[in-house]
């Protein structure tokens, strides 16, 4: 769906013309149109080097930006990453496939269940396992919960960066409700580890569906309030429109994904183009922006949250009964009573626990539409229980590499807004 | 960095010019009450624990009840360095520099398993516990710790502060790095970083 | 089997070494010397139109004799078709391959990461520096199979090297164009830039 702006703020600064009447001089970006900076007298041309981070409240984690400034205008910005490099990919080579699941929580820790789902599905693709219907719908619910909570954090922290503090508290209050759900389902608020190869760690508890429906109703109200407060707010729009624009061609060339790509007008969503978990049977729309600036990214993510609510309604309506785990002893532990009574099940249990899930030799790349973009896991297996290579295709790492291009010519405070719009999570950038 | 004296091994004895009396204990009480109830945290949030810290600071688990509302992102104005999240080696000089920039009195809370001991990341890039880099007062376990856990850690730190006394200068001496550039002796660091638990067995790749 | 494999074989002949399939995905092994040409053709040819570079990574197998593979994951946004292209680099020769940054700007950081983790040099890359580890990282290339999980140095040595690294030593004159403000920089930073930013970690005073 194409998003239409309902408010367009002409950025400008007020000067006095010859008759002494106030006149707005429009501010252009990247050389188009007159800039107020050009009208200003030449004050001396030395550039200043400013180091933002790695410890800084506005960098959303340990990102270091080295900025070359001409007054307040950014001439060049060089992001330095790696301050949270935790060696995930190396660790993955020393773990069984099920043991990698807790590692995935810690990468994109704002949307942990999406990471878990992606990993389980990548390994299931390698093994050729077909999961049950109930598991598919539950994984869809998990992915959309992750999408919502990630976008809520994004909205809150972007609000803080732009200067609106209250939405942060609203968003975190809503997140607490989702955390209650996650905790009831998986036992942990944040590091969920909810999938297993071939299924899930546990079925949803009683009352989960009703709680979810209640939360969605309150979420709609909160999103409506945020919409009233922010979307047509002059300051919000004024600080975001026209900032950090990228054309669709540039976005494709830089391998961007997620809201960054869609805000620039490119219609690529992994759920629609490379469907998984029966997403093609769900009725939802993918918001596409037009100008590719920070405001469009805000509109895209806002609309994605509402569309996620729509998917929830359908998922909850179609949730079938049945087992959550595939009935395949190569992947799933047998139920306890079977392991205790049947010799065969006991042997399967033993082999599973001692040796791990044996995955046939081969390689597979599987990607999902995580809230940050196209999250892909590439596994290379040699037939043993530990992968030869586990590669995480990190959407935020690649989105962040577009930051220098987007910020040239803008002001320093715009750089903070652009950085916020990339929606980075350093755990995933640095892995 | 000025005249640095190594802390005198006071072994618990209070070294004081004035003999402790009712006035000094009342003064200690006043100062410690003020310090513990208005700790300004320096949130050195790196990873997932930072999100739980943000949740603790948000409306439901409000840490402003405990006087920690004013997040100080400048170390010059902070009391407590709250390291929330894992610390890779690349970030180690940064946290050391931030710790050095904080004025006395200062304390450090190590939040989470990764900050306390390296957590699940026993590999080439992770500092195995920030206490190899900065001195730590309170360790909060968990991966991530629940907000209640972090609040308990903060309350524990407040209790520790209330037990301090102005008459012991040793606790306020600036602990700098030695001439090697380390905080502890190398064998002590190796001992602290020894793998334990599952890490010992999970080093075979195939 | 992706029909692009056949068209590639017709177009480039012997430069296409092998075509395999794994988990319903076609993998094309190509000659490393012509990788830029092949990827450019795959990107620009209207029948192929693989305009989206999904990922660049590398794989080293556990058997010591097998070569390292550089993997290019491509996707055609218009036709919604993926393709995986691989280049094999034998370990007894220098690990080098041409950079595809002129084709996709997104390859910039991806190739830097492959260099950082595997030590593969990308010829023609505008700025090939380490990206995840710090630039004077002396232990090696972490994702190689001969690199132990905990690193090569002892923990105390790793801490010492980390604490002695200069947090500011990550500038280069060419990268930032700060030639105009050079005289304003502090003396020690100017000294480091003059020496070349890839300076040495100072040895501990008490030893050696």
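Order as written gives the chain letters A, B and C; numbering starts at 1 within each chain.
Convention: contacts are C-beta pairs under 8 Å (C-beta built on N, C-alpha and C of every residue); 3 or more make two chains touch, one makes a residue touch a chain.
Note that the structure is predicted; figures quoted are calculated from it, not measured.
Q: Once you've mapped the touching chain pairs, tell me: line, ring, star, complete or other?
A: Drawn as a graph, the chains make a fully connected set, so complete.
Q: Please tell me whether A-C or B-C has the greater number of C-beta pairs in contact.
A: A-C
Q: If you average the CA atoms of chain A and of chain B, how many Å lie between those two points?
A: Roughly 32 Å separates the two chain centres.
Q: Find the geometric centre of each of chain A and chain C from their Cα atoms only, then give the gap between the two centres in Å, rounded to an integer.
A: Here the centre of chain C sits 25 Å away from the centre of chain A.
Q: Could you grab the centroid distance between chain B and chain C? Build each centroid from C-alpha atoms only and quote it in angstrom.
A: Going by mean C-alpha positions, chain B sits 38 Å from chain C.
Q: By residue number and range, which residues of chain C touch two or more other chains?
A: Correct list: 62, 133-134, 142, 147, 149.
Q: Where in chain A do residues touch two or more of the other chains?
A: In chain A, the residues touching two or more other chains are 82, 85, 87, 90-91, 94, 430.
Q: Do you know which chain B residues sit against two or more other chains?
A: Each of 90, 94, 123-125, 203, 205-206 in chain B touches at least two other chains.
Q: With touch defined as at the start, can you tell me which chain B residues reach chain C in the complex?
A: 89-90, 92-94, 96-97, 122-125, 127-128, 132-133, 177, 179-182, 186-187, 189-190, 193, 195, 203, 205-206
Q: With touch defined as at the start, can you tell me which chain C residues reach chain A in the complex?
A: 22-23, 25, 27, 51-55, 57, 59-62, 71, 73, 77, 80, 82, 84, 104-110, 113, 117, 130-134, 142-143, 147, 149, 168, 170-171, 175-178, 180-181, 184-185
Q: Could you please specify the touching residues of chain C with respect to chain B in the complex?
A: Interface residues on the chain C side: 62, 133-134, 139, 142, 145, 147-151, 154-167, 204-207.
Q: Considering only the defined contacts, which chain A positions touch chain C in the complex?
A: These residues of chain A touch chain C: 45-49, 51, 66, 68, 75-76, 78, 80-82, 85, 87, 89-91, 94, 125-126, 128, 250, 252-256, 266, 268, 273-274, 362-365, 367, 374, 376, 378, 380, 382, 388-389, 391, 393, 397-398, 400-401, 405, 430-431.
Q: Report the residues of chain A in contact with chain B in the complex, numbered from low to high.
A: 54-57, 61-62, 82-87, 90-91, 93-95, 99, 102-103, 105-106, 109-110, 153, 168-169, 172-173, 175-176, 179, 189-191, 384, 386, 426-427, 430
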